[in-house]
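Chains here go by letter, A, B, C, D and E, matching the order in which they are written, and residues are numbered from 1 within each.
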Amino acid sequence: MIVDNALYHQGKRVPLGEGDDQSLGAVRVPCAPGDFQWIGVHDPSREELAVIADTFDLHPLAVEDAGDSHQRPKLERYGRTLFLVIKTLWYVDEEDAVETGEINMFVGRDFVVTVRHGQGIDLAASRRDLEDRAQVLEHGPMAVLYAVCDRVVDEYERVGAALEIDVDEVEESVFSPARTDDSTRIYVLKREIAEVRRAVMPLREPMRKFATAADDEITAETATYFRDVADHLQRVSEVVDNLDGLLSSAFDAHLARISVQQNEDMRKISAGAALIVVPTLIAGIYGMNFDHMPELHWAYGYPFALLLMVGVSLGLFAWFKKSGWL
Amino acid sequence: MIVDNALYHQGKRVPLGEGDDQSLGAVRVPCAPGDFQWIGVHDPSREELAVIADTFDLHPLAVEDAGDSHQRPKLERYGRTLFLVIKTLWYVDEEDAVETGEINMFVGRDFVVTVRHGQGIDLAASRRDLEDRAQVLEHGPMAVLYAVCDRVVDEYERVGAALEIDVDEVEESVFSPARTDDSTRIYVLKREIAEVRRAVMPLREPMRKFATAADDEITAETATYFRDVADHLQRVSEVVDNLDGLLSSAFDAHLARISVQQNEDMRKISAGAALIVVPTLIAGIYGMNFDHMPELHWAYGYPFALLLMVGVSLGLFAWFKKSGWL
Amino acid sequence: MIVDNALYHQGKRVPLGEGDDQSLGAVRVPCAPGDFQWIGVHDPSREELAVIADTFDLHPLAVEDAGDSHQRPKLERYGRTLFLVIKTLWYVDEEDAVETGEINMFVGRDFVVTVRHGQGIDLAASRRDLEDRAQVLEHGPMAVLYAVCDRVVDEYERVGAALEIDVDEVEESVFSPARTDDSTRIYVLKREIAEVRRAVMPLREPMRKFATAADDEITAETATYFRDVADHLQRVSEVVDNLDGLLSSAFDAHLARISVQQNEDMRKISAGAALIVVPTLIAGIYGMNFDHMPELHWAYGYPFALLLMVGVSLGLFAWFKKSGWL
Amino acid sequence: MIVDNALYHQGKRVPLGEGDDQSLGAVRVPCAPGDFQWIGVHDPSREELAVIADTFDLHPLAVEDAGDSHQRPKLERYGRTLFLVIKTLWYVDEEDAVETGEINMFVGRDFVVTVRHGQGIDLAASRRDLEDRAQVLEHGPMAVLYAVCDRVVDEYERVGAALEIDVDEVEESVFSPARTDDSTRIYVLKREIAEVRRAVMPLREPMRKFATAADDEITAETATYFRDVADHLQRVSEVVDNLDGLLSSAFDAHLARISVQQNEDMRKISAGAALIVVPTLIAGIYGMNFDHMPELHWAYGYPFALLLMVGVSLGLFAWFKKSGWL
Amino acid sequence: MIVDNALYHQGKRVPLGEGDDQSLGAVRVPCAPGDFQWIGVHDPSREELAVIADTFDLHPLAVEDAGDSHQRPKLERYGRTLFLVIKTLWYVDEEDAVETGEINMFVGRDFVVTVRHGQGIDLAASRRDLEDRAQVLEHGPMAVLYAVCDRVVDEYERVGAALEIDVDEVEESVFSPARTDDSTRIYVLKREIAEVRRAVMPLREPMRKFATAADDEITAETATYFRDVADHLQRVSEVVDNLDGLLSSAFDAHLARISVQQNEDMRKISAGAALIVVPTLIAGIYGMNFDHMPELHWAYGYPFALLLMVGVSLGLFAWFKKSGWL
């Protein structure tokens, strides 16, 4: 679906069409120096992509990648066109889960093509924000690239913050006196952290390249802005590494607590058993058939025996309480 | 077994023979610039290899390696001839297992020799596909090298996807409430992942070399295609690394669940034991031989005792149920 | 809150104002060569930062970072101004906890702006110390940078030393014969060590840069001093790495001890059970109703039975003691 | 013990003496260009080494190392003489154990000194093989170096293959239904793998140096052969790394199985206990002394009680069988 | 305490004083080219260090480090003076413990200052050894540096060898059939290995620098000797890495054995319990009060019952023995 196609002339939008008109993909406007065209598509069909590829003369290998939503983040240069794949991440509160999407960008001298797969990051909003800042748009296609990366990485940081809260909850649950089976929760979190890492790690090298102006298209001033993005990316990556380490430690502690609890249970059970077994011995004794057992003939022999059982059990109970077995 | 031997002239096949004729190995056609000869062998005998080595003037060390099917992936240059060893992988659904084979390729200025060991990847199909695309074949021997690598790495991705499904199944089994012994399955998967890794990891450096046109034989345009292969290889390697990490976490969770289950079992058993032992105590008490035990002489003493036993057991049962022990 | 703003002329303080006057931020004094102005702020409002940024012409991205107290340590150059983010750490004895704050520094040719977030390190004291050493202040803004880094890293070492004591305590507790649940303590310490590492690790690269005079502003003599800071930083990082490894080993030992203790408990319980169950068997035997059981008719049959029970129990007790089960 | 000392003239042996004559060490023949002298010693005494060192003008530090059989593999250059330490490994089937020895080689322009410690690799055989291939010997001392390295690394591969079989056996044992204590076997194998690694790892750098002709003595042609050795070394190193990983996974699986077995044992024991305890309760009930217990007066009360016990036990047995506890 | 101060002229000692005279620190002799002065101090006071620093014009930062005995090993250059910190290690047999000390060395063109903290390595002995080898001393201050490093690293090797014996003992204890709690011993050894590593690892870089003659003061001939030291250092580091890995594996095996033993104990206990519980059931049966129980009236009913109990127990015992539970 082609979402938008506009020309940006001296930082101002010159609309070329709006929304879902397939013919829009083939609109190519001759650009004055400094101007550029930005076309945005969402979950495009093969045909839409083919039209756009043809219009902007994109490399077939990159177009093939752009049509597939399971790429890894990467930056590639085909002639004068940059091709950037970036994973989008967002946190869905209702499910405590991290969702992923993908944005592919073709950045040429005078055009930007953004191909979005999945939900999560609203590029239309990014575009509107950007259109309000003419002085940024004047920097041309790289400004769009920066704006999108900045937006995506900001979302990464929100995801990181949400995961930090989740890990805090797991921690609390592990160390609470309640008996909890936290291994499932820890596993799910580890899996999500791995997902974040797979989005973040491969993106660091492209951002570093932009930040150090290693690519010719980047000016020193633009590089400063990408340095900021790279720095945030580094922060996210350190946050998730740290969370991963904490989860591993929390899991170990969880295992230790299971063992400790089993030990406590065993001791409680044994103490409880003693409270039954000892009176049973007493009952057994007074069930013996000796001719001469004086207690049997006492008037209060039976209550005595019952009291003896209760007394011994109470004594044992007190002793176990004192020694921490009950 | 010599499978095929053909000359490619301006991207078109000029057949030199077909199939299992041992003399084919010695056929060497003088090539015009841009043309090349492609000979394919499958599980060759020492003699067949010797003939071919002689015909194409291959280095004895490389020929020795090509005759052995337990090489590690590597790229070596002997004079003007490249020698590439690549492991083939494919997933056999019936056995849930990854199988491995090997392809050795000698790539010269005007010839390609492909030596295949084991099943799995059908090079004849790759050759037919390639023959349909004359414009690719025109790029000469490196096009064949690319086509084979692309085919093999595509199969790696399929293997990776199949392993992802297997890991999902293990995950489900580990976290299902059923009692399962998943350690064998996890071990087997880890072993298969290690096998994939041993095929993928050493191949990355050769593909990177091609992708960056570090070798003189590679033009910038060809390099772009190898960059695509290298990227897919990187993706496979990240997938299996991720799966390996997930399996380790799943195994840890499995261990934790075993402990938790043992704990639950122990508590269930103890609670069950209490249901027997407490009535036994009561029976013991009424088995005592005191002269004065009023209950013994009650008309309904016996049913009273039985009811007492049942009542106490039911009380315990309710209490254990409530406290989660049963 | 603007804390202080002063001019340093030939190593001597020329006060420009003192304390919490917001207008101070806009005071900018023309500096003779070698002189510099140092303004210190603590938990500044957006407005205060904006005034200062305007006064000293600071880059907006750096100012944005400086207003946020959750940065990672980093060094960045914006034109001729260095921007350094450094985490402060200190150990609160009452809570056995490591606290963190942050200092942001802008260092230009003739000015220093220090922005402090959180408590812990008293920059006012550092400033007074420095003002007493005119020959250091004469080195200009980099002397201030050095003084702050040195102060902060000294505090890191104190934190490292405090953690060493904590780890020693954990160690003692793990290996004491007492039953202790050390997993929580170990987890908390690991978490704190991770915090220290996150402050220390990213700071090493900036300090190394200063120490090798990789930045033009640094003279060889100043570099020597930063080499000292970098060396201390390295020491802290080795200390916490070592502590982390020790904690992991201590945790493993803790797990082993839990298992060993469970085993001992199980044996103790079993031995204890035997002391009850064997006499119960004896009582059961003399409770049998055979017509001909000579012991039942002995005058001392009953005491004999009791003595037999006690004797067997004592024998078992001695045997269990000897074999280490009790 | 001096084993052999010969001159090689145009690839042909000119014997200078045979076997254990101590004076042989001092024999030094003037060599024509291309010729070289090869002296082999086995477990030499200090005196023998001193004589040889004197004869060939070897560096005292290298000679000291050569006299000691606990060196790590390394390559060092003393002036124009190369000094290579290489560990020999071989697998003793009877003991399922890896044994180690050591070969030290001094390689000069026109001489080779090989100093062998321990058993395992028969250099005399290598020498005879080499003497049969005059065209190799013509390459001079580096050919000897290659021949020895090739021989030693071939043996590494045999050791690797033997360890693979051992790991397969351990795997089978771990996953067999039988109760096995595999931890000792796994430990011993891990220890042997560590030994192999200590022989292989440090040797990779010297072989890489030879393979890339980084040393002036190596011609491109010779380098090709060393590349083959380096490749085999790499293969061994990957094999043992893989085995080490498999052993770790197998050990984890072993631990999991111990836990699972303990759990099964516990359930079996509990079920068995129930089969005894429930009849005991029944016996206890009919041992009560109530005046009015009709069953006691039944003609077939006793057989009824016994049948009740057996019936209840059989019922429990069936139930436990069905639910997998027995 | 100033231990010694001497001038070495053409490799021969010209004594300037002996032992604990504080004024010795200020003695500075003009040196002819090739001569040098060597002053040795042990646990110096601040004043002694200040005098020496003044006499030899040492950098205040280095002097501050030298006065503190908790430095990490490092090499620094202050102008023309090298400053080397090296940790000394030695093994105290009585306590099975590794002790640490520290040597700081200032090496200038014509002087060496050695500052020793703690016991363990006797520098006076090293000095006497060196004084006996005039041809070494003629190499000037670097010869002293070499001699001290060589001495210290030799001691590292002795420590490594002692730790190897300790690890062997632990191994034997872990795999002995006896029940041992080896976790404490393993922990202590791991801690000591970490200590060795902290002494060895940071020293490798300085030694490598000397060995490759990266520092201008080092001649190629001297470099050869430092290469020997660097090689020994490498050997120690590999030994302790290997020991650390073995200890981790041994610990894992220890854990596995605890589990196996617990399992065996549980089975033994259960079998033992069965030997008591089954006769108790028999006693219970003959304690029932049925009117018609023929055995009760047999003349030999009682012995029959006792024999039945013993017989059943013996049968169970044999069965448990056979199935490995007892």
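Basically, a residue touches a chain if its C-beta (ideal position, glycine included) is under 8 Å from a C-beta of that chain, and two chains touch if they have at least 3 such contacts.
This one's a predicted model, so the numbers in the text were calculated from it and none came from an experiment.
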Path length in steps (a step moves to a chain that is touched) from subunit A to subunit E: 2
Copies subunit A and subunit C touch via same or different residues, half shared test: different
Turning angle required so that subunit B lies on subunit E, C-alpha fit (0 to 180°, nearest 5): 145
Whole-Å separation of chain centres (CA-atom averages), subunit B against subunit D: 26
Length of the line joining the C-alpha centres of subunit A and subunit D, rounded to whole Å: 43
In subunit C, residues with contacts to at least two other chains: 255, 259, 262, 266, 273, 277, 280, 284, 287-289, 293
Arrangement of touching chains [line / ring / star / complete / other]: ring
Direction subunit B, origin subunit A - full chain order round the ring: A, B, D, E, C
Footprint of subunit D on subunit E - complex, ascending: 171, 175, 224-225, 227-228, 231, 234-235, 238, 242, 245-246, 249-250, 252-253, 255-257, 259-260, 262-263, 266-267, 270, 273-274, 277-278, 280-281, 284-285, 287-293
List of subunit C residues in touch with subunit A within their complex: 59, 61, 71-72, 74, 76, 78, 181, 183-184, 186-187, 190-191, 194, 198, 202, 251, 254-255, 258-259, 261-262, 265-266, 269, 272-273, 276-277, 279-280, 283-284, 286-289, 293, 295-302, 305-306, 309
